[in-house]
Amino acid sequence: MGEKEKVVAININYDYCKRCGICIAFCNREVFTTDEFERPVVDNLDRCVNCKLCVLRCPDFAIRLEVSASA
Amino acid sequence: MKKKWQIVLAGEGGQGMIVAGVALAEAAAVFEGKNATQAQSYGIASRGGFSSAEVVINEGEIFFPKAEEPDFVLALTQDAYDRFYHWVSPECLIVYDSDKVTSKREKNDIGYPLTVTAVRLGSEKLINSLSLGLVLKHTQCVKRESLEKSLAKQIPAKALEANIKALGYWLE
Amino acid sequence: MPNDKVMFTMGNVACAQAALDVGAKFYAGYPITPSSEVAEVCSRLMPKYGGVYIQMEDEISSIAAMVGASLAGVKSFTATSGPGYSLMQENLGFAIYAEVPCVIINVMRSGPSTGLATRPGQADLMQVRWGTHGDHPIIALCPSSVQECYDLTIKAFNLSEKFRIPVILLSDEIVAHTRENVTLKSPEEIEIVNRKRPTCPPAEYLCYKPEEDGIPLMAAYGEEYMVHASSSCHDETGYSNNSPKTAEGLIHRLHQKIARGREEIVQVAAFGPQDAEIMVVAYGATARAAKQAVVKAQEKGMSVGLLQIITMWPFPDKEILALCDTAKALVVPEMNLGQAYQEIEKVCRGKLPVYLFSRVDGEAIKPGQVLTKIEEVAQCLKS
Amino acid sequence: MSQKLIFSDYLAHKQLPLMWCAGCGNGVILRALTEALAELNIPPHKVVVTTGIGCFGKTDDYMSTHACHGTHGRALAFATGIKLANPELTVLALMGDGDATTIGGNHFINTARRNVDITAIVANNYNYGMTGGQYSATTPIRKVTTTSPYGTAEPGFDICELAKAAGANFVARSTSYHVVQMKKLVMEAITKKGFSLVEVSSPCPTYFGRYNGMPSAVNMLNWLKEVSVSPEKYQTLSEEEKEKVMVVGKLVDRNKPDYLTVYKELTAAVK
Amino acid sequence: MPNDKVMFTMGNVACAQAALDVGAKFYAGYPITPSSEVAEVCSRLMPKYGGVYIQMEDEISSIAAMVGASLAGVKSFTATSGPGYSLMQENLGFAIYAEVPCVIINVMRSGPSTGLATRPGQADLMQVRWGTHGDHPIIALCPSSVQECYDLTIKAFNLSEKFRIPVILLSDEIVAHTRENVTLKSPEEIEIVNRKRPTCPPAEYLCYKPEEDGIPLMAAYGEEYMVHASSSCHDETGYSNNSPKTAEGLIHRLHQKIARGREEIVQVAAFGPQDAEIMVVAYGATARAAKQAVVKAQEKGMSVGLLQIITMWPFPDKEILALCDTAKALVVPEMNLGQAYQEIEKVCRGKLPVYLFSRVDGEAIKPGQVLTKIEEVAQCLKS
Amino acid sequence: MSQKLIFSDYLAHKQLPLMWCAGCGNGVILRALTEALAELNIPPHKVVVTTGIGCFGKTDDYMSTHACHGTHGRALAFATGIKLANPELTVLALMGDGDATTIGGNHFINTARRNVDITAIVANNYNYGMTGGQYSATTPIRKVTTTSPYGTAEPGFDICELAKAAGANFVARSTSYHVVQMKKLVMEAITKKGFSLVEVSSPCPTYFGRYNGMPSAVNMLNWLKEVSVSPEKYQTLSEEEKEKVMVVGKLVDRNKPDYLTVYKELTAAVK
Amino acid sequence: MKKKWQIVLAGEGGQGMIVAGVALAEAAAVFEGKNATQAQSYGIASRGGFSSAEVVINEGEIFFPKAEEPDFVLALTQDAYDRFYHWVSPECLIVYDSDKVTSKREKNDIGYPLTVTAVRLGSEKLINSLSLGLVLKHTQCVKRESLEKSLAKQIPAKALEANIKALGYWLE
Amino acid sequence: MGEKEKVVAININYDYCKRCGICIAFCNREVFTTDEFERPVVDNLDRCVNCKLCVLRCPDFAIRLEVSASA
């Protein structure tokens, strides 16, 4: 599963997000960048390889990947 | 000038309201030789949740060290605002962060864009000094110099300049 | 060292500073809200004062280490709150039974159990009196201000050294975390009482043989005066002895030494007229609200005064009884369901009515609430 | 339950957002745990979490499973009673390092020895987060905390070594950085009969990090990433190098019979 | 299984047998004199009854395991004595706050501390009432015979299940180790009360929502009714909730549910005339000495009766007050410095004199001693 | 003290004869201990023994040194306070297996970790002698005791392994049979700075022995003699053989600085 | 015959006085349908020190389950003897082990060589059955058959014969 | 020291001795035997090699060796 699917959107729940910066720092594909309040914003959705690490590493359940099967 | 001030600085854990409260009370007690007390309410330390500092400043003896009948409330979150607006006296001024709080009183409520201003000044952490500036602006319960001195005791040297600037932001 | 000066600080810090000023050189504790600042100050300052700070693995070992250090001749203390104090009960009994001077700062929060860990309460009075098994005496002092935190911590150490008993400084979350000015005492001003030491030839020393005041002279481990501290029933040598006579003698002596020292131990404070119609009796943070209420009531022309209980145990029964001569009613505000109230009511039963104002929601009792209660009572008295 | 469960079935959504600080490792562990439970497809009502008091001890408030939020340090003792009373339940003891090895150290070693079929998850943040960052039994020697301003004078426990010496059937260590591994280890631990432990090295940026040169969660995760080595790699290191790293992975995996199995066997004839 | 028959055995064994007969299926404990026989019997018999015996690493974990098992739906108990009971204080507060039915058999020995470990005492009454921090209710029952050990253990379980509160069976070394005949109840005779269970759809269940009697319905871990037990202040869902209203409501409800059940909980026993001039009030082993003394006094033609306190907490104040109508004086013999005495005296203050006979040397109070005290009091009344 | 001390200088002669049962190993340990103290020539008034509650916990009553006969399981916690308050003292914690590893297990591992300069002597008789022979945390699995009439369902601790994992500087095991070795190990333990442990496998013929086929002290000493092997010999055994023996001798000997040394170093600059 | 008996069996831990007391009380309560209670005093379990069993046998209800006014005391050690001789009534019979105890009363003290006899009969452990025999001999508070039956409940099968023999030793 | 000296007497303090039998069973030189009360008695003093093990192994401090220097 996982990598087989394509990520069509990365949703960040800003009510949950505490701006810890983890997703930004540790996405190997540099998908995220920040806004003026240091919140993560998706910058390079295309680079995302659906590794889900940002989802699992987010301490606040704030990231959700929207995928569409690409198989 | 008013003889006794009862001031509440209310927000959530991590916003530095207790540090601000201590600075305010020390400004009066240490640097102006008045009687002052500072008390606090907090939830589970350091992680969100309601947190507030109460400062009482008086020329005479302070019997009760908490703000029973606040003259001034600073509310940084809606929760903080909601805990006060319905029972403080109509004369009590409520200053709130207009970036986060919806006002519910007709009179004596004043909003300032605290969060956005703090971020613009370089860091959200400056919110406590901005808040103190608003206390000074609206109450004159202590002198600005006293507060600057007591801030210097509370705040790490490298952050002091930015804080002093924030303190003055709405005073100039 | 920061002495002989005014400090703007919170009750917990004042307690720690007082302990250092009165000569405590050992702190063992386990952090717990709302007492942790005592530990934090000690961890920072103990080395400055030539003492040792240690954080133990729990409260059971904290009180044990404190007791051990005291037996080794060093003034020792700890600080905790309800849950930790509950865990200390077994070893507290040992400290009482083996007559080990030490001070426990117990900062009350809102229980039972974990309860409201950051909110104030005053519901551990009876636990402090009766928490450990077996008949035992205890001394407990309740500060109502930062200054009293400082002064009563000194008194706590002095009483514990003099009477060889653990003394509880029974603080509360409000007093502990309120910052205000406190005047520290200089080394010259401060009254320091130390445990009485033996002077006889070491071979003649019996470590649990009482003096006339019922209190044995106290040597320290490491001296040629041999010390045998025991949790089992023991005779004057300190060694186990199960004879009924020994057992009875020991229990009675432990109680009598405190009974004999009552006048020195029991302290109350008068605020306003003491012969008023309505007397408020209060302690700890609630006494502060009561003071404000009394002032306001007086402003309204009412005859109201306050008796502040400073020594909670032994209970100031005589002092309260004395109020019955002139007062028409007592008002007892407290942040519990009436623990001091029931003691006061017992003293006054049949003499005058006692009214409780109880608050158990984790919020401070406000002056206005006490005032309202006073007014209600005044109304009752009229009709 | 025929429907496949997902992590969010184990969350008490009304309680969100989480109250933990920004970047706190606790949420990461909660995520891995709920993912693990979902993958094992254990219905929430067959799960009991027992928690102590502490930041991580608040975890039960975010979960939809049964919970026993008891007293500080005693999660394993409550768990023991629960498991023995109803062996069908999946019983998880979620503890901070203070809970597990400071005040609760005795329950930790004795439950491990007794080999009760419980899964212990220890969020080791090397200090007492909840009470303001004092040192715990796992704070490394010389590290600064609120109550060791000059550095801690005691070495910290190796929790995994302790569990092993005490007799645990399954012992593993992971970190909030190694999220995929963590989830797998948690699944294995839950599946294993007998006492199992997963220690998770978890950032407390607010205190331990801030006092020791790692003020942000990102700093702390980088640190965890750097010091972690696998058990295989660890074997190849010199003693000196070993001192500087942290082994991450499965450390003990044995199959001694659990308490109840032995108890049942010994008392089978009694009727 | 040994039911419906007479057994010659000691109090501790009768307690264990009663627990098994009333359906207890889990025992967790840590051995301590003079309670260990309860553990020994359970270790032998639990497997026969399909239950589990476990010896925990200490009393803290023993009470925790018991509470855990009860939350998992199994009737559970433990046994201990003073030192162990002191250690249980913290978790006892949790059990009260989270309303977990369970029974603690506390066999009193002579304290404080290790004291006289094998000798009887009655000095843990007040600890049982007030030992844990925070305002809390408690139920405690005192048996005076092996039969009462059996009957009251059953009652203890039933009250704990009904009121969702830990119940203390407050035994003493004499009762615990005295052997005499006890009549066991058959399964048909025995009254068994079980915690009330929810019947609503699981999704609607709120695990701490009280019924009209103030007691929440209780499901068990593992059911689809979700249970969230918490030591922190909690609302009807069981999840943490710090609001003052919730906090206050919870504390009050915990007390009110017991106050409401008072008539069912409070039990005393009359022996001899209850309108006698001198009434002895006694409990536990001392009640046995008192009975003998009353018989002897009656033989001497004196007007003496005995009121035996069976429920120590909540205290039988009404029942004692009732004595004031006809009695001229009360005599309270107890193996402590006057713990029940002070409660009784409080009730009777201003109404009639109460005389204490106290013994604290680790020896049983003898009938002759009670008789002498009765005679002294009779003398006083005359003059 | 210029005069050479002998064992009997450490005895409270008035308290003799000993109250222990015939053949109880406790007296043998007391003998070895007093011999060791005498040979080290430490004056009795420079020695403090802390004891718990138990048969072995009664040892203080037979000694002429200073004593703290505290509560059950807490001997090491009292000892910690004593040692830190007066580092000149020789502080000995004398504990039963229940004291040390059952109720007191947390103090045991944490004191070892902290490396406080205390010598712990554990008389391991595999049960609670004092209260009538119930099982303890060291009772071997399947052995019969007063509260495990069908056999104990839990494995017992290896106390020495536990101390090692916790961080003790010195760990050794001896038995009441190996009296000369015991005395030497006790001397080494006392001399060693930091936390040291000597576990002594000690007969309780009255309970553990009687319930497990060794009703007399002679039976028990024969058993101890048979199962004991040296650490060197142990290395040469197969895993299966290892299960059946008990290693006796010095097991850990390291020189990590003790608590007070580190504390003093860290706070030296503070004045 | 006497209606109520208060009997004390006193010695030191390990001598089996409590087992003997239980056997005696059970003989009355279980095998003769009388009321009987047995209570005990002991020091630290199983290791020397004073230990005693008190047995009360009565036709009517037994209020106090201890021997307040003993009719019969068996004392196996000097300590045991010394705890009783000075306060029991002059009519109370004290039977003591003449191998270990020095008598201090003029009347109603009777010594038997209990230790030596037990050893001669094969084991010091028989001392408790010998003692029970002396209780029977001097009080007849229960029947010998009852006592034999209750001993059979208390004592392991293989030791029973020797104990029954010891019980009868001074009765024949 | 030790073996160099000669044991001239072995004193057993019967007030302390509890007849555990250890000295009897474990003296390699079979120096002890028992009396009718199962108390140890010295039977073969001459065989004693002054190894002191009986002294150290006696749980009750009941054995004392009397030695005279033989050097």
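Here are some notes:
As written, the chain order gives the labels A, B, C, D, E, F, G and H, with residue 1 at the start of each chain.
To be clear about the criterion, contacts are C-beta pairs under 8 Å (C-beta built on N, C-alpha and C of every residue); 3 or more make two chains touch, one makes a residue touch a chain.
Bear in mind the structure is a predicted one, so any value in this text is a computation, not a measurement.
Any chain bridging chain E and chain F, meaning touching each of them, is among C, D, G; the list is complete.
Common neighbours of chain D and chain F under the contact definition above: C, E.
In terms of C-beta pairs in contact, C-F outnumbers the other of F-G and C-F.
If you average the Cα atoms of chain D and of chain H, the two centres end up 57 Å apart. Measuring from the averaged C-alpha position of chain C to that of chain H gives a distance of 59 Å. Chain D has its Cα centroid 26 Å from the Cα centroid of chain A.
Spacing of chain B relative to chain D, judged by their CA centroids, is 40 angstrom. For chain C, residues that reach two or more other chains under the stated contact definition are 33, 47, 57-58, 60, 83, 90, 94, 113-114, 117, 119, 230-232, 242. Looking at chain G, one finds that residues 43-45 touch two or more other chains. Counting partner chains per residue, chain D has residues 20-21, 24, 53, 58, 69, 71, 102-103, 105-106, 110, 130-132, 137, 148, 150, 259, 263, 267, 270 touching two or more of them.
For chain F in complex with chain C, the residues that touch the partner chain are 12, 15, 44-46, 48, 50, 53, 58, 60-61, 64-71, 74, 76-86, 88-89, 106-107, 110, 259-260, 263, 267, 270-271. Remark: chain C residues 30-33, 36, 39-40, 43-44, 47, 53, 55, 57-59, 83, 113-114, 117 touch chain D in the complex. Across the complex, chain G is touched by residues 8, 33, 117-119, 145, 174, 177-181, 288-289, 291-292, 295, 364, 366-368 of chain E. Against chain F, the residues of chain C that register as touching in their complex are 25-26, 28, 47-48, 52, 54, 56-58, 60-62, 64-74, 76, 90-91, 94, 220-224, 226-232, 238-240. The part of chain A that touches chain D in the complex is made up of residues 15-16, 18-22, 25-26, 53, 55-61.
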